[in-house]
Amino acid sequence: MTIRVAVAGASGYAGGEILRLLLGHPRLRSGDLEIGALTAGGNAGSSLGTQHPHLLPLADRILQETTPETLAGHDVVFLGLPHGQSAEIANALPPTTIVVDCGADFRLHDAADWAQYYGGEHAGTWPYGLPELPGNREVLAAAARIAVPGCYPTVSILALRPAMAAGLIEPHVTVVAVSGTSGAGRSPKVDLLASEVIGSARAYGVGGVHRHTPEISQALSVAANLPVTVSFTPVLVPTSRGILATCTAKTTASADEVRAVYDKAYADEPFVHLLPEGQLPATGTVIGSNAVTLQVAVDERAGTLVVVGAIDNLAKGTGGAAVQSMNLALGWDETEGLSTVGVAP
Amino acid sequence: MTIRVAVAGASGYAGGEILRLLLGHPRLRSGDLEIGALTAGGNAGSSLGTQHPHLLPLADRILQETTPETLAGHDVVFLGLPHGQSAEIANALPPTTIVVDCGADFRLHDAADWAQYYGGEHAGTWPYGLPELPGNREVLAAAARIAVPGCYPTVSILALRPAMAAGLIEPHVTVVAVSGTSGAGRSPKVDLLASEVIGSARAYGVGGVHRHTPEISQALSVAANLPVTVSFTPVLVPTSRGILATCTAKTTASADEVRAVYDKAYADEPFVHLLPEGQLPATGTVIGSNAVTLQVAVDERAGTLVVVGAIDNLAKGTGGAAVQSMNLALGWDETEGLSTVGVAP
Amino acid sequence: MTIRVAVAGASGYAGGEILRLLLGHPRLRSGDLEIGALTAGGNAGSSLGTQHPHLLPLADRILQETTPETLAGHDVVFLGLPHGQSAEIANALPPTTIVVDCGADFRLHDAADWAQYYGGEHAGTWPYGLPELPGNREVLAAAARIAVPGCYPTVSILALRPAMAAGLIEPHVTVVAVSGTSGAGRSPKVDLLASEVIGSARAYGVGGVHRHTPEISQALSVAANLPVTVSFTPVLVPTSRGILATCTAKTTASADEVRAVYDKAYADEPFVHLLPEGQLPATGTVIGSNAVTLQVAVDERAGTLVVVGAIDNLAKGTGGAAVQSMNLALGWDETEGLSTVGVAP
Amino acid sequence: MTIRVAVAGASGYAGGEILRLLLGHPRLRSGDLEIGALTAGGNAGSSLGTQHPHLLPLADRILQETTPETLAGHDVVFLGLPHGQSAEIANALPPTTIVVDCGADFRLHDAADWAQYYGGEHAGTWPYGLPELPGNREVLAAAARIAVPGCYPTVSILALRPAMAAGLIEPHVTVVAVSGTSGAGRSPKVDLLASEVIGSARAYGVGGVHRHTPEISQALSVAANLPVTVSFTPVLVPTSRGILATCTAKTTASADEVRAVYDKAYADEPFVHLLPEGQLPATGTVIGSNAVTLQVAVDERAGTLVVVGAIDNLAKGTGGAAVQSMNLALGWDETEGLSTVGVAP
């Protein structure tokens, strides 16, 4: 049986990344997987080659409108839509269709968080597409609806969760994460123009107002089994891809204790790598890959744990997590079509 | 039978790129291919993870010294060595070992060209690892010694050859090619520091003194069957990868004539893509891929043909060509482990 | 008497650069110069601080609408408007007001060129704000209407004119010029987003269709006293500022002859610098400055002259030329408020 | 009387920046200031034009050896030397010579801090060239020996000091500061190559081991009048210049209280600007300028104050502070030759 996959929002960066990964998926070559409808909003009617010239094998595909009809008849539907648009589409698809949503609509547990950070009515909560959370692989294997985590939460949660779960840090964390611009999407805005971004670094969403804040807090609170406050600041830097998160919390643990906890937490994870001592994560080493690289350090003078993590925001931070989740939901090996080899330098 | 591959100069950018591609090669997963010795010069003794942190699956491998002994016992040996060092190593390896040299030593036909541009004694001429040249696939299929083309020549030759072979342009061409810094290698030099490169564009090797000039001239002269002069200027720009070559020559041909010639020349080529009219090559679309994208235009006012071509200098420009050549020499499908899908944006 | 200056289009990059230079002009400090109305189109009503946060001393200024009324009562009016909008505004200002137009409207001599490259009716021809052309300083000193040259023409003309005027090169030239993105202006467009530009180089306007082509041809034809054809290709690279032009033409002259001609041509020019032999122009060395750096080389093998030139497209390429022209028109020292010192690295 | 200035370490980035600023200093044009000896280590004997091609007016100057003899006979000597080399040179100069040291040697109060972070014997403590600290202008006006602050401490201290002095935050702060590469100096190192830096962000000195940590702690402890612990993490991003510091601390203060304190603290400071609400600092707006831009926010959910600050690390972070300090020591207006206008975009 051939699994037929559709991508809604195929002209955006999330959609493009999912297609990039699917084109390298071994199940595509073996015929187990087939790329069906590619849909878009304003770009419907144009060829994929004009939108994503890097996807040469699909260059002649014409983008269709994003509607329940064009998305019908697929086994898997990836959604790369603006926040708030996923529910209506998902509800119109059969419950057996595996829907993998790259938007925020179904990530949060708490309707009040949704109302505060996104506004409007909370659509609900779907299984969270971060297989590295305890017990989550089983949930995803049985899921037909999956909410792909936000890019900042992915790396922040993976960086802090082991220490939080082990009770090594206080339930207040500070995350400052630098990111390339692709996370901001492909809509043309003056402040995302190359002229404005190149040669510059700037913070945004300062003061806890970035929408990924409650998502980080939610996962860490589960880990700690008590409320965790998160001071989160994103910083835009002149790269296209990559997030480097510097995560800090008060600790009295020793460096050895911390290292042992992280070693154990990620020993069997295919994509999360605690780097050898002395080696620090760099986003440039994970571009195009599904890897998460981490390093931990204890600052005894300041009494803090510092965990630094790097991911490709479009890969492990979005499209890679989407494909990883699809693999699990289809019962395939979780790592198929995903790599820990980055394109560097 | 498992093919055992060694990489000499594994800590450099060419060596790293070959390893990146081999790690994604389907024959590695199937067990037909095995990564053997990884050797280096000054970095021997260190782990590959400290040199190429993006190659996580090989992070623990220790780099050996580059000697005939460490390279012995392999079916394929890739050489990523400084110019002038390949001959001695190659001569010490059995004639049946497939040696794929990423250096310049065996690219030129003419000892006088070698003397003028590189100095010292000419080592000889090996089959040229550009399968897209007429008749070259057959040569490479039978070869045990292969000279991988230079990065600038790869794109310049592919951009101009069809017009030159068809007699559409005068035998004098102007090539101005912008390149990222990875083509300059990994030796620490002040003028390659990020601080010097970011925010700046600069020409180098101006006046026909760049060593790739005779290599371009050589291939185009064969195509034209008469001597072709090449005015070649490389320009360094702040990217890591990518070459965009703007190639100009006087013509009286029409745009349609030119387009027909290029369409025909590359219709069956898996990696060379003439883009649809109105779409222009960009290096950002071919990063990590083995694709060459081309566009042609006739400037009637100026009486010129302009061909623009884009490649990833480390992939199709070096490591990709090396793997493509290896595939041919081993009788495997030429495209195995190579992709036309870039990592973008 | 205090000269009162207005800037129309103050929220664009050209307008911002003029203001940056005026803020450093010694006549502002001495009280001879005063910054009057700042006007804009869609950004009227906002503060300059929100548009150009780098111009801190003017942060609280509110942008007015661009109308003849808001621009009235000034001694100098700089226009940084979209092509085609300057004539109407200029005609509504008194003939004694010095109007310095950064648009293309009044640069071309030939109405047919205008029609072919810009379309619509040709508005006329104003004195050309390139003081380095023979006899041009006198013209500008008496001018009340000045057309600032295009950024690509500025560097291309200065790079090729001496050789062309001396009859050292054939009347057909090839210019390939790499540029940062600021030359494309500040309108939000997908292909100018940082995500699309960073890590990529791409040509545009290939085949002689870029609007600066006839402007280069016009000036070189005057120098040669015969029609000069220009094959011009612009290439976008990931910097914000800077143009590096590689200019090539057939020659039989020797390197010494060429050098002597350029030495003489620019010996007394305050802003045009022929670099010492062996040193090549880099855009990174002229950022923020009004300098033009040049290097010449003769490629004997190819029979070509190669001249490489670097400018800051917003400074000498636009705003610097505008201020230089204003200085001349006001009878001030041409170099006041302008520098040959770049901000590097 | 003409003040004669020497720059030791003129081929480095700090030396180059001091020279860039001196070339724009109005006292140079008026004849009150004269640029004397320019000295270097390994680059002695070369022209300044080969080292700093952006300083065209000084291109022909030959770099001398850095010795007490070449530096003798100057009224002001700037030192841009590797850490540990300033004391010997300074001690050999007359006590009346104003020595402005851009190195770390004389910044710290505490010999134990020096020993822990730099090693070797502590050279002593000089007046700290941050005029914005209370009472510091008077000290600097009378000083003949001045220690220019580190780049990270400059922005971190200015960002946090008002809140700390007002008792609004707890005495434990977290600073994550992204920086361009120029702060790492001009020595060729593999990890500073453009190929390694472009497209990547990476933390370094993680865990409180960066040498600027005790310098930040020292100033904040004075402000708080009790020991302040600092968790400091620097992050390298692909720009040449610019530091953006995100500074976080626990607070119970309201946003209005905080804003009032910062408004008051910097109301009369010529170079420190609290931006209007809603506008965030970006390094791209302060390049080449001596400005410090700040924004404050209170995250009520997390109970933290977040202060974001931007500087040009080479200008206000090094060379600008050096010139500002010289101005004070000479009794000149502190702002001469320094600007709050950045080069943008």
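Order of writing sets the labels: A, B, C and D. Residues in every chain begin at 1.
The rule we apply is simple: a residue touches a chain if its C-beta (ideal position, glycine included) is under 8 Å from a C-beta of that chain, and two chains touch if they have at least 3 such contacts.
Here the structure is a predicted model, which is why all the values come from computation and not from measurement.
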item	value
Chains in simultaneous contact with chain A and chain B	C, D
For chain A placed onto chain C, the superposition rotation in degrees, Cα atoms, nearest 5	180
Equivalent interface positions on chain A and chain D, same or different at half	same
Farthest-lying chain, centroid of Cα atoms versus that of chain A	C
Inter-chain centre distance, chain B versus chain D - centres from mean C-alpha coordinates, in Å	44
Averaged-CA centre spacing for the pair chain C and chain B, given as whole angstrom	38
Overlap residues in chain D, where contacts from two or more other chains coincide	13, 182, 195-199, 238-241, 282, 284-285, 287, 344-345
Residues of chain D defined as touching chain A within the complex	172, 174, 176, 178, 195-204, 206-208, 213, 229-233, 235, 237-242, 244, 246, 248, 250, 280-285, 287, 295, 297-304, 306, 308, 310, 344-345
Sites on chain D touched by chain B in the complex	13, 180-182, 184, 186, 188-190, 192-199, 238-240
Residue ranges of chain A touching chain B (in the complex, touch as defined)	13, 16, 20, 23-24, 26, 29, 49-50, 52-57, 59, 182, 198-199, 240-241, 273, 275-276, 279, 282, 284-289, 291, 293, 339-345
